[in-house]
């Protein structure tokens, strides 16, 4: 599951405590575990510093629960996104210490003991109130990855001074995640004000010619401010994951 | 061509100076004139306060010249947009006093003697330097319609203080036209700062996911600031025409 | 909340009735108020002549109610669009004098005492019966902004004489809002008949290749009549807001 | 090539003038003729009342010329659309009596002796001057099919009275073809005025959000007037072909 | 409502039985009747040969019922498309002799006494079983317009001999309506086999890259067979209306 | 229904056991059977080696049951895809031995006695767990066609070693079906590793800019690995049908 | 470059003729060769049975020539697609025996001595004459891969009997490639007639709503005939590559 | 232009060497400089750590030269992207030490003395040779920003071992930029292998259903590997700018 598990194994092998055969089998099993409907990538924690995350949407509750059980069984952090309450009920049956975060639609377990292991600051901003669920997904993801997170909600460009009076917060951030729907203009404005990387998350809020998030997605991809990169519509998780990697660079 | 012409005609008819038959024929001819390939709408000046404007794109130079000749022949203002130099050469052969405005791609003749007949102020803003040709089309159109025009170029949101330090100009305007490509975010920011109507013109500048102006078009249609209306991509003429009507309300 | 509040504050400061510190705090609080999930822009009334409007879609009823309470608490006009009856029930708990307009999907409170403070006329036209909910959103918005509103419903171009016999109404209007789905052709026809600004609102009525309003949106953006500007699909509020600003130019 | 050729063949067979074998071979050859790069459908005249028409775009001049030669060699009417002058030069080398119609981009030969064999009237209308090339393709196609064609150009809805004063022409038509770009609104207006079938042809004139003809195409597909059917963008040929079939019903 | 009503009125006026004033009022009322939410176009029957048809989708049952009552009150044929059972229940309360056709989703009343007043034959074909509801809308519409209708269902190109063995039916038709979803290929195949006009109706059946009918819509617009025109996705009514006009040419 | 039926018929005819008339009628009936709403293509088994397959989506349960009854009545294999449980209940009433496969959404009957009649191997791979329902549709289809099927689920490129360690399975396959949503990248990676044909099935799993499967569809069409062909979004049936034909080449 | 080269190398190593070091270096070099701007995948021939193919579009002539030189230097077959004459001139300077196939836009060298090494038949069909360049790319690709290729050009569904009379050719084929633009309907028709796999290639011929090949692409993806798979627009190479793999199954 | 200039100014003001008036004027001028057609944002270097970058596309050579002159006049680094040789000729007339990088389409001047001021490593990877121009834009941008850059070209997933054998390079990188067109699959594969942030750049290489880069754009936005963010199509500059900010976190 993690580096310490691996070190112990190799040490045991070296000292002759376990056979080569058994070590190999352990390692293989350690890396990928097949549940038939899923091939869990236990190797991911070693490779990417964080265990496999479950995207619940599209999976059945029983499948989610089975995968969650394996992850938690190896003492890894459990992070399951875009989850419904129904998914949570299935998970809690097999993972007793699981928690459900309704606004963020996230299930967690084995949360890290102390949140902010990193001194770097991630600032998560929304243009409007409707963008908060996506932002909360980002907040929770970054905290599960040991990051130091601050927020600033509902400061869209229709009343731009709401943003400008927060310039201290903006300049103290090491990475900024901007969550915005409709015109998505906030990402460009923030991108033009700061010198840290900005990750833009278009949201599917809005109506009509917003086309479920295409409008802010295109706005953000065409940002006239340099230093802005973009993730999928409503992908708060992805933005926070990338922000956490950046904060760890 | 205009109200005075019409008044004279009706007055003559009333006083028996011309027959009913002839008046009718004059009126009919006055309203619509067929050139075979074009049905000129001379009635438009009465109905809308400005004579028919020629959209050159898609017409052949000879056609443009023939229409221009008829408009000028009635002493109306000539405004021909999206014109090439080739179009201009054809027009000048039949309209001696025609002018070509290369950046705005406009041919004019019979320009109004004194430009600003209206005390209301129209402010035309661009996000970037590349948006200037479209803005110049707007500037010239509004001036041909007797409006008082000011400009503010290259003040896009990547360096938003370029805009904010111009707040006096913004607040003195009666109508604002915002011309922007790429992310089109400037329209929302301006819309949130002022209390006058804002007309947004998306431009086809930019590349990639700008898709020839779709990105700023969608941004502007989804503006989170109220009071912003939108015209077709690159349609500086249309924005200025609407702005002039508004300034005349 | 409004100019009188501000004048009193500044006058008190000048006369030494309140300290500079306290005035500053009042002003700051006056401008932006944070509810955690929302940053209310109380400054907007001063800046744009109308208080912040709540777009209910995407917000939870409790959030809407909390924002509404703050706006009404400052004696501002309350206008909440795209509201459901569920939203209204939450709002009425904290705003006793709130009203729900079911067809227009709008919640209001502190309505202006006398509606038509402006002598200018706004005419709101629909192509069909299905377009009426969007038109009603526009009617109510304009009236909340003190405008003088008239309507003409179901006069689409399939029976164009229904429109032509209303030419008096058309010519007396100072601003016209055209609400149309399907082919959206009404906007061009109206735009060609009048000399006042026309704001076109595409609607999502229709089916098949209407694509939820894309067809009339494109029709209106490509209007062959000058003077037509466009707002987002189904955005009756935005059209009326812009029309009210124009009527106030 | 045509019915008379076929009747003679069958008559000869019946009277023993030609062997069964030879008749069969003639018939087969009569129907389809392979040039390697093309399989000419000589059977089409029998089946559809008009010989195969050559769409020049995408074919090389030599290929066009070779196909044209075979068609003319059987005394069929030659109609080649979307042709360039270069195509024409190649055709004229093998078809001496070929004509090139530059505006309509059509090559013809073996034109029918007397044009209007049908008393039914096809009226072809354009919204603007830029739509004329597409309309001319329609005019020429219908005339090659022996139809009686009238035209009305540049009567778009921006000046709708240009259309309304022509109501006599509209009501006398048996089929109407409406050619329009930009907003394409003319099709709906005409469709609402008449009781004959209307075929709408969107054109790629216009710019920006016209998207090469998508805007008028969608407008026409969503026409609020019943009785309007639509063909491909710029497909004047197809509209006239269908109109001719209708006039022949 | 119809020509006889009008003749009587004019005759009465001529004979002095009614005053000019009253005739005028009757005529005006005759033409357009305002219900507030609808402006019924009673003039349409005179102008287009068939009374106004109600598109139920987007209208409330009460509105549909009120319009239906006015149409039936004038003894016109009632045809209301895309109706739900709920709409029908509302209509039946005010129009006792109304009928609901569930598959076609149509409400009718005052059906024409004898169906096939026209000897011309309209053939309505579907590619699959799923296309039948749209085809039934077409069948019923054409019959309400006095047409002679035949059908051929589920003869798509995956088993093309199902179509080819019906060549007699195909060749006897005067107009053909082809209803097809998915690849929409049937329209081109039929178009290539017959010499009568073909109207193609794309349907929203299918899934994935069918995109709710865009795939067959594009197929049909690009038909390589001449003589095919197209209506909106799922618009069986529109196809049959146009087919009926064609059969009446 | 099948070749043996046909051979017997022709043999009987030759031996004079049945009249020519009766044989013809049998053959005709044998080929196409009309149920009014459906024209069953019984000839398909002869022509394509597998009887007509029912796409349930868009058909009513009664229609599905009636078609299924005819197919089973001729002892053909029954395969009905995209079926609901409601469809199954209707089918089971008339086809007693029908089975419902819930994950694959398939109804079967008259399954082939021994599954793997072909020694060739079809390998069906999914990128994620959410893609399994589409993959199961493919697995079942191929088995109904007598193929030898193996599977490999949840081996997407985010953990590419899950795939690479299965290289033996990959290289032993004769045809591979890759089922993937989101980025669809698995198809290119597999296509680059093997020398057998690869059929890619994009799925509608994912969210936001996945646009219901457009993203993986485009990825797969643009595969940089040669030898990859693509079927419709979620079309597991189509992929397996093609794979079975290939395995039979 | 190929299996024999590899066998010799390993044999030499085993016999001690070359050192392990040198063998390793040879193998590494054998697999991937870096030219700085390109990393040639020499391993591909072993892995996929055919060497790397050069897609010329997007590469500069010098780059193409350098890659071609390395491929030919290893005696591999050279196949370079979407090449211009300019590309060929650069290649011929370094590969003396290179040939340019202008219609197919392909450069070849080291062509296989005898073309048809495989008895299986690949049939390549086009709907029109304009589709031939794409078909020729397919023909040449398949022949370079040792396949037995036949063709049938210009047999689109507008004259479907041109196809039906070729049923012998259709039924003798082991794989069919259908190349079609415009409506793309030919793929479905062919797919419904045969029992072998069909690969459909949409082409960018056509105009208007063909949208550069989107129309036939969607048609083909939605084919109502099973067994049809699709490749990218104009991708004759890809279709032939897949067909060759299938013929080799 | 930079911090030292500012410090000197403030120091002079404090010591009374310059008046407050003059300091203010200098500061204002320092921040924004208007050239009429451009408002240069000199403040950007202070705010974002790098001076304004010129996007040449859409600007006229004279405009580019004038802006470049002002930037260089303040001793700032000059970086002008998407430049043509014509642009360069204009720039060199006013900036003698300017350089043109033809493949990257970049003009530079005042390049930083020693390139790699940062020990962090940025790795820039391309899928193919055609993607190199975009990658070179990224390489040059990052180096102008003082970054340490390495490259790996033409290692797309069609031959995935070309990438896998470079795992050392991948794991030593602190930020990775992946440049890919066509299927864009490389971004997901790289994202799944490393623990550093990955910035994906879709390119417009490819043809057909690549739609000028939409295909890889969507692939990358839907990456199944976490930690991948995306920039605009062909935006090598933007990716490198963001990567440089990340390397500086």
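Order of writing sets the chain letters: A, B, C, D, E, F, G and H. Residues in each chain are counted from 1.
Quick note on the criterion: a contact is a pair of C-beta atoms (placed from the backbone, for glycine too) under 8 Å apart; a residue touches a chain by one contact, two chains touch by 3 or more.
Keep in mind that what you see is a predicted model, and the values were worked out from it rather than measured.
When the partners of chain B are compared with those of chain H, the chains appearing in both lists are A.
Homomeric contact chain D/chain G is classed as different-residue, with under half of its interface positions used by both copies. Listed options C-E, E-G or A-B contain a single repeat of the B-H interface, assigned here to C-E, on the basis that more than half of the contact pairs agree by residue number. A straight line joining the Cα centres of chain C and chain H is 43 Å long. Annotation: 27 Å between the Cα-based centres of chain B and chain C.
Centre-to-centre separation of chain A and chain F, using mean CA positions: 38 Å.
Each of the following residues of chain C touches two or more other chains: 128, 158-159, 192-193, 206, 208-210, 214, 217, 221-222, 226, 232-233.
Counting only pairs that meet the touch rule, the chains in contact are A-B, A-C, A-F, A-H, B-C, B-D, B-H, C-D, C-E, D-E, D-G, E-F, E-G, F-G, F-H, G-H. Across the complex, chain F is touched by residues 47-50, 53, 120, 174-175, 192-197, 199, 217, 221-222, 226-233, 237-239, 241-242, 245-247, 249 of chain G.
By the touch criterion given at the top, residues 31-32, 36-39, 41, 43-44, 52, 55, 57-59, 63, 67, 82, 202, 204, 212-214, 217, 232-235 of chain C touch chain A in their complex. The part of chain E that touches chain G in the complex is made up of residues 127-128, 156-160, 182-185, 187-189, 191-193, 206, 208-211, 214-216, 218-226.
By the touch criterion stated above, chain E contacts chain F in their complex at residues 128-130, 132, 153-155, 158-159, 161-162, 165, 181, 205-210.
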